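Scrolling down, you'll hit the structures one after another.
Two complexes follow with chain A in common, the first pairing it with chain B and the second with chain C.
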Partner chain A sequence: MAEIRLDNISKTFNGDQVVKNISLTIKDGSFTVLVGPSGCGKSTILRMLAGFEQQTEGDIWIDGKRVNDLAPSKRDIAMVFQNYALYPTMTVKGNIEFGLANRKVPKKERNLLIAEIAEIVGLSDHLDKKPDKLSGGQRQRVALARAMVKKPKVFILDEPLSNLDAKLRTQMRTELIQLHEKLGTTFVYVTHDQVEAMSMGDEIIILNKGVVQQKAAPIDVYQSPGNLFAAEFIGQPPMNVFKKEEFHELQDALPEAAAYIGFRPEHAGLALESAHVPHTIELESEILTLETLGAETVYKVKNRVGTMNIRSFTAPVSKRGKCFATIPMEKLYAFGADQTALPALDFPFQKEAALNGVR
Partner chain B sequence: MNSSPIFKIANGIGLVLLFIIFAVPFVWMASTAFKSLGETMTFPPVWIPETLQWQNFVEAWNSGPFLKYFVNSVVVTLLILILQFATIIPAAYAFARYEFPLKNFFFALTMICLMIPSQLIFLPVYLNLSSWGILDTIWGLILPFATSAFGIFLLRQSFMQVPEELLEAARLDDASEWQIIRKIMLPLAKPVLITLALFSFIAHWNDYFWPLVMTTTDQARTLPLGIAMLRQVEGGAAWNVVMAGNLLLVLPILVIFFFAQKHIIRAFVYTGVK
Partner chain C sequence: MAFAKVQLDMEEKKAERQGFLSWVKLRPYAMIFPAIFIFCLFFIYPIGYMIYLSFHDWNFVSPVKDFVGTSNFSYLLSDRDFREVISNSFIYTFFTVFLTISLSLLLALWLNRGGTVYSFMQASIFSPHIISLVSVSMLWMWIMDADYGLLNWFLNLIGMESVMWLTSPEYALTSLILVAVWKGIGFNTLVFIAGLQSIPKDLYEAAELDHTPPWRRFLKITVPMLSPTLFFLTIIGVINSFQVFETINLMTAGGPINSTNTFVYYIYQYGFQFFKIGYASAAGVILLVILSVLTVVYFKVLSKRVHYR
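Entry: the complex of A and B
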């Protein structure tokens, strides 16, 4: 168990700064997810944490110890790689044992540890097989077992589920969450998949272009995105964002600082007839596409504001054509010209409603 | 590929012709080795001798200090193999996995070595070995081949195909560089190592030119020289005895090739992790 602290970490590759002056603390025992589009610097941060890359500037602390100059093996971390990186010429047992043997753990103790770990990850029957005889999920488990057997202070997982099929991915996601609960060790997990980030992390750190965009619990990131990037990155489909000028009916009500207005696709509604609901923006629209996903339907509609996604669980419209999109004003988000989030919007009708005790 | 019947037939005929071109001299050698001296000179030539003349082999073996030649050949070939692996493996690993100053220059230098025929450099090497005083010893046959540019090149290619994550995983597992080479790189490069060993063994077991230049007495002569000398015995060449000697010479190679042909084919097919 260990707290991880990054102090003003920067990394430059050939004059290109890929990680820009990042400072953050990863809490002891947390499941922290680094998420962002490819090239955002998340893997570089992970590799610096593991000691495979040396940071250009700054300090890394693990469990109160400055590890800048420590070799990867001395940092008391274990890593699960995206392609698992199992030793192909060794058996499952050999793979799990390799690190222990190198640390001169006595044979007897090694066998006990391997048996125990194999039981936990369900590999007891496969110990003598080579990795190429295993399924994707089993290989994943070998990689986990190899990491776990060393009882590290920190687990680093680099997109460990991206090579699995959708069904197995969901299953392994649950297993990883349970594993984290069982071990209580600090997990640092890198992914570009926002679903993994939202569902697994206690805390997510959204990165873009080498800069932390937001660091918060998943639900906070969703409900109060720190900036435009976080708003558009988390959520499926992402938040609809438009320039303030597009909503001329709101101009007087919006704060001076607002430059962008956004709303989540699931907060907007769709109807065949105009209803003139108060405190709602109603836009005459045309449906471009509709994706029926079973429980929900995602519409892409076009109107005078632009093209927007609307997500509905009731499927009010079943075919393409004309309709009305409705956006409740209290669900709007405002962002400044520098793309940072502004405080929640405060419309006069909300104050009145609060005074009247109704909403 | 064209799969019309005519193409298939033409392809088949071509393959058979190629096979004949390569196989006939070999079969002729084997057949002659069992003939009597008279049978080697009849026309039209006989392919299958009337009685198998096993004494040809005895005669070949006894016509010189063949045991000495044989021991020399074995010692020279094995020591070359051992020295080559001792130098090739670290060099290939360094070229494949490390960054160091002038790396490209040194690799280019290695590649140039690959392109220069030994006939071009034997004179300076000869003078060099002469100044060391090791002419006409087995060391004169071994040291010039203590490393192999081809081996470094081939093994480097093989090492470069090992994913970087494997090495990183091993480093996290507390493995030293030497353990990484021994436990991860070499097992993965096994087909290439076997191929290199075979190529090197065949080349040096059969080598005629270098021992011819470097040796003057039976002290350091190897089998190919001994076989060549069979031709000069008693003026005219007893071809049946010469061929028996040749057959003895290639026998170890045939045996090894027979057992390892699978590996040679595999050496050129990458079998990595998915």
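Entry: the complex of A and C
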């Protein structure tokens, strides 16, 4: 168990700064997810944590100890690699045992530990197989077992589920969450999949181009994104964002600083008839495409503001063509010219409503 | 009428299809025929002819080949020179392959990194591989010359006695092994470097997190991951060394006192200097048997331990 602290960390590869002055604290025992698009520096940060990469600037602290000059093996970290990096010439048992044997753990104790771990990850029947005879999910478990058996202070996992099919991924997601609860160790988990990030982490760190965009609990990231990037990265489909000028009916109500206006697809509605609901923006639109996903339907519509996604949980509109998109004003987000989020919008009608006790 | 016409059309189609079908069946054989033909002409036929000759007595020119049964073989096996040839061949092969492989592996481990110095070293170590064996032999005959050679000059310089590199029975075979190792090391090193580079880096990172000491990392990760390369280089090395000829022919002519005589040179001597073709063929057959057995043993025994990805 350990708290991890990054202090003004930067990393430069051949004059190319891929991690830019990051400072953050990963809480002891938390499940922290680093999420961001491909190439944003997630793996680089993990590798600096593990000690495979030396940071160009800054300090790394693990469990209150500065580890800048500590070799990877001395940091008490276990890592699950993106492609597992199992030793292909050893059996499952050999893979799990290797680290223990290196540290001269007596044979008896080793066998006990292996049996225990194999039971936890469900590999007891496969201990004598070589990795190439295992399925993707089983290999992933071997990688986990190999990491777990060392009882490290920190677990770091680099996109461990990206090679699995959708069903197995969901299953392993649950198993990892349970594993974290059982072990109580600090987990640092890297992914580029925002669904994974939302569902697994108790803290999400959103990265872009080597800069932290936001660090918060999943629900906070969703409900109050820190900036445009976070707003557009989290959520499926992403938040609809437009220039402030497109909504001329709002001009007086919006704060001076606002430059962009956004709303989540599921907060907007779709109607065939104009209803003139108060405090709602109504836009005459045309349906371009619709994706029926079973419980929900995602429409792509075009109107004078631009194209936007609308997510609806009611029965799908069967005919394409003209319709009305409705956006409740209180669900709007405003962003400044520098793309950072502005405080929640404050419309006069909301105050009235609050006074009247209606909501 | 119309019906009959349709039927006729169908018949034609069927005939066409049958012709097509038989071509489909024949095509693989037709296409492989040239390869089989060339293989038979240049491999199977000469081997068969060699086996045939090994039971006869022939001197290359006489029109008759006398059948002599197995007497060529029995004579060979009782020949002291031939037994020496066999032991020379095995000694030469074992030390050449062992030294080449272990030195190349060490060099590869050392040179397997980026940077101009290492690229330059790789290129210079590889260069002997592209020099013809004849030039190599001439070069080393000069280096190993007992009176004017570079090696002895150097030995004298550091205060040691001259060595009769190629002219004494104790050292001649060792000298030839030295030349073979010098010549072979470049190619082997290059193949090893390629093999090392195909080992995923994250295996070593995982090993580092597993607290693996360097020697254990080498034995448990590098060697097993290199086993296909090791296997390949060993087989190639054994087959090549058993058939060594040029250096022996040019540098020692099998001497002094038969001390560097090996299989192919022995066959060459009996075939083309003494014109005892049947006898030379019998030695060839024995070489063929030894090489086949070695190869089969390698594939059977070693391949079980080789890890192929």
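By definition in this document, the second predicted complex is superposed on the first by the 357 of 359 C-alpha atoms of A that agree within 3 Å, B and C clash if a C-alpha of one lies under 4 Å from a C-alpha of the other, contacts with A are read in each partner's own complex, and residues count from 1 in each chain.
Keep in mind that, in the parts below, a contact is a pair of C-beta atoms (placed from the backbone, for glycine too) under 8 Å apart; a residue touches a chain by one contact, two chains touch by 3 or more.
Everything quoted here is computed from the prediction, not taken from an experiment.
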{"item": "Room on chain A for both chain B and chain C (clash or fit)", "value": "clash"}
{"item": "Touched partner set for A:I219, first chain B, second chain C, both or neither", "value": "neither"}
{"item": "Which superposed partner A:F52 touches (first chain B, second chain C, both, neither)", "value": "both"}
{"item": "Partner chain in contact with A:P131 - chain B first, chain C second, else both or neither", "value": "first"}
{"item": "Touched partner set for A:L293, first chain B, second chain C, both or neither", "value": "neither"}
{"item": "Chain B versus chain C as contact partner of A:A166, first or second or both or neither", "value": "neither"}
{"item": "Which superposed partner A:F98 touches (first chain B, second chain C, both, neither)", "value": "both"}
{"item": "Footprint overlap on chain A, where chain B in one structure and chain C in the other make contact", "value": "50, 52, 71-73, 77-79, 81, 83, 85-90, 98-99, 102-103, 132, 146, 150"}
{"item": "Touch list for chain C against partner chain A, complex", "value": "200, 202-203, 205-213, 216, 220-221, 224-225, 227, 307, 309"}
{"item": "Chain C-facing residues of chain A, complex", "value": "50, 52, 71-73, 77-79, 81, 83, 85-90, 98-99, 102-103, 132, 146, 150"}
{"item": "Contacting residues of chain B [partner chain A, same complex]", "value": "163, 165-166, 168-176, 179, 183-184, 187-188, 190, 272-274"}
{"item": "Interfacial residue positions of chain A with respect to chain B in the complex", "value": "50, 52, 71-73, 77-79, 81-83, 85-90, 98-99, 102-103, 131-132, 146, 150"}
